[in-house]
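Just passing along the structure, written as structure tokens.
Labels A, B and C are assigned to the chains in the order they are written; within every chain, residues are numbered from 1.
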Amino acid sequence: MIEIEHLTKRYGETIVVDDVSLRVEEGTIAVVVGTSGAGKSTLLRMINRLVEPSSGRVLIDGRDTLSIPEDELRHRIGYVIQAYGLFPHRTVSQNIATVPRLLGWDRKKIAARVDELLDLFQLDPGEFAGKFPHELSGGQQQRVGVARALAAKPAVLLMDEPFGALDPVIRSKAQDDLLAIQRRLGATIVLVTHDMNEAFHLGDRIAVMDQARLLQYAAPAELLTHPAEPFVEQLTGTAERPFRLLSLTRVKEALEPGDAEGEALVLSTTLHDALARLIALGKDALPVIDASGKAVGRITVERILAHGRLPA
Amino acid sequence: MSSLRPHLSLDRLGSVIAVLIGVALFASPFVVYRANRIVAGEGRMLTAALPPAGALGIILTGIGVALCAALLRNPLPRLAAAILGLATVVPIVGWSATFVTPLGNTFARVSPGLGFWLLALAFALLAADALTRLRLGPWVRLAAIAVAAGAIALLLLSGAWNDLSLLKEYANRADSFWQEARQHVWLAFGSMAASCLVGLPLGILAYRVRRLRAAILQILNIVQTVPSIALFGILIAPLGYLATHVPLAAALGIRGIGAAPAFIALFLYSLLPVVANTITGLNQVPAAVTDAARGMGLSPRQRLWQVELPLALPVILAGIRIALVQNIGLATVAALIGGGGFGTFVFQGIGQTAIDLVLLGTLPTVALSFATAIVFDAIIDLTRRGPT
Amino acid sequence: MSARALTFRAAALILLVAFITAPQLFAFVFKPLTVNDAPAIYNHGSLLALTLSHLRTVFLATLASTVLAVGLGIFVTRPSGSEFLPLSRSLVNIGQTFPPVAVLAIAVPLVGFGEKPTFIALFLYGLLPIFENTLAGLSEVPPQALEAAKGMGMNARQRLLQVELPLALPVILAGIRLSVIIGLGTATIGSTVAAKGLGEVIIAGLQSNNVAFVLQGGLVVALLAVLIHDGMGIAERAVAKRLGRPVDEVA
């Protein structure tokens, strides 16, 4: 768990981060979004003290980060940056082993951990362990960057635009992979991005920043239905808000009893995708089945539209 | 990192300079006096080297500059202080020579001592640091070097330094000095011109024909690796043969020993920077630009003259600058094989352990190569800025 | 490296070693260049001894320059030395307009004849390329790699030893190579100030008008320089490759 309390950073007269407080629960992803220059990266870098706060404090699992020596603190916090910062002179496995080596793990334990991570990120150890970063594709470099950050089993993972350098197709795959790995490891992640879609895709909670201030910190649906300020509404895309809302909601929540003709949808489908299917097929309703294939009810255009309606 | 510091803190570099100035003023002889040209010298501290007013003037100037260096951070006042320091100490060392030399004694020699050199070094370092931080534009730099050259000429013509040993050595050799100077310039710049005539087409050829590129560069690399005197030596044998067996060659002044092998060696040395930079310069012309030129129907020749060469010019000029500075230095060695140039005084001076004679050869060489470097850097900046 | 290039190098090396250990075997080549029955092969000392002392001077001077120049390069790129950085860049530029011979010549009246002035000249002039390349190498380290290193909790020393220096190494080695080559040339001229070295052969030839001496001295020095330059280039590429760098076509 990360608790950020009244964190402020000033450079001379300029305030870069202005009295920000927020709390990231154990095992969740908090996404910080905002325009460039909003103070997102500075906020992130104050968590591992790459930037020293002017005032306020950060607690990790209840402990004030200022009470831990800088380097020791960073050993416990995974850190991924946009260009990954892989060491060009070290192989993939040496890169991943960086923090374990700093911590003085024994060779066997390091080797086992590296193999485990390579497997987890779908990089065949036989093929990739000995490669140098410049021999990898962008997507592979990104995975090595995240694997390296996770190597010493950190309590917290900080990610600064980790998908920024990937092209759109690889990016969404990488996001799905990250989600899967996060669910599996139960890691606590703070991720900075300027991409709203990414924020809605990944965030358990989203923090919106503008001009050094935290405008709103809430669950994605809350952000759409009750934007705290006009800027939040604008950032989430005024026109797209109903559709974003639909993609956050599953068929399960709009299910109604009854039957319908046509190809069945699964309970876990998002309303966004269900509506798309209904429009494409020119139907008003479709049957719904659960994971085992048993019919459980139906979904209608009318109900979906009701779910997309924003409170006045 | 860029947090504002309080204004009156000690500048580290400035403190080092201040310490240098302190050592120079109070712990080193300002001039060295010798009863004649050959005997060992004896140092004269500031107070013994100048009348009280002069010594006091230098001490006060030195302390003032030291304080500026240690306490001020703004480069402009630091530069002003450094220039003031140089303008004080450089002419005064000539006065000191007059003061120390016994009246009517023509054998006595006075040279600048460690103290003078340290002061000059400290002021020059301060000026160099300030100039670096000011990031002057090319025109200002050209003007500055012209002013500096004018000031040095004025100093020498005014006779203020005439009692210094360096100028006494010059007075004894005034004629041969200018003859060797012409020879030095001819060796360095003439061979450079020849190398441009050959190197530019060779570079363009190597750029166009990929297969030739590696071979040409490799050969020139090897030539560049051979130490100067060894290359002179290797050239002497065939040129000597040529001179004795081909009357025309001898008539043209080609001999085994002398300027010919030096000229050819310098020519060969300067080929690598010219060719390599021509290739690099042409290589880094953006593909989009040459594509566009082709798309507009420019012929290969038009592309070369109107697009590629103008865009590659700064890099090519940088190659010429490297080669010229290198040539000016290497031309000194030509004296060893009878090729003349400033090296003549250097090697004579080494033979006679006469440091002033060595300096008579060294200082003009360094000044020439320094001025060349500055002028070329400015020109390169101007061509970079030009049509972009 | 192609087999042809390799045999070429091997042949050059064998030729050089054969000549400096048993020069008389090659007398027939140089005999035609002599007049008045002058000796064809340098006879005032063993070529082998001269070569070794030549190499020793260059090696020791370069070693000393390397230690100091790399140390200085590290110092001015640390926060505590940053005030010296702009000036040191300019000084390297200015220093290189100074001909190496001038440094040698000025050293003689100050410290006398022999190895000393040569060593001083080699040492001082050798600092420049190594210092320049250390600066270049250290400042070319990708900032993201440094940011990541810091973010993973490497302290300043670990960053320097594990990230910065290894990444700068190929560039620093190139500087050392340049320094060695300039040193070989300057040491040759050092023979004019009575340093023991291969320049003696050339100088002796010039003084006694014996073109054979001049040529063999020139050839030995040239071959030595080319082979050392080449050998160090190979070492550099090996290091660069081990560090996972793509290698340029022509260094």
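Operating definition for what follows: a contact is a pair of C-beta atoms (placed from the backbone, for glycine too) under 8 Å apart; a residue touches a chain by one contact, two chains touch by 3 or more.
Keep in mind it's a predicted model, so treat the numbers as computed, not measured.
Farthest chain from chain C, comparing Cα centres?
Checked the centroid distances; the maximum from chain C is A.
Of all chain pairs, which one counts the most C-beta contacts?
B-C
Report, in whole Å, the distance between the mean C-alpha point of chain A and the mean C-alpha point of chain B.
Computed value for the inter-centroid distance: 60 Å.
Roughly how far is chain B from chain C, going centre to centre by Cα mean, in whole Å?
Inter-chain centre distance comes to 22 Å.
How big is the gap, in whole Å, between where the Cα atoms of chain A centre and where those of chain C centre?
54
Going by the contact rule set out above, which residues of chain C touch chain B in the complex?
33, 79, 81, 83-84, 86-87, 89-91, 93-94, 96-102, 105-106, 108-110, 181, 184-186, 188-189, 192-193, 199, 202-203, 205-206, 211, 214-215, 217-219, 221-222, 225-226, 229, 249-250
Would you pull the chain B residues touching chain C in the complex into a rising list?
Against chain C, the touching part of chain B is residues 1, 11-13, 125, 128-129, 131-133, 213-214, 217-218, 221-222, 225-234, 236-237, 240, 256-257, 325, 328-330, 332-333, 336-337, 343, 346-347, 349-350, 353-355, 358-359, 361-362, 365-366, 369-370, 372-373.
Which bits of chain A are touching chain C when the two form their complex?
Residues 48, 50, 70-75, 79, 81-91, 98-99, 102, 132-135, 148-149, 158.
For a test of understanding, state which residues of chain C touch chain A in their complex under the given definition.
142, 144-155, 158, 163, 166-167, 243-246
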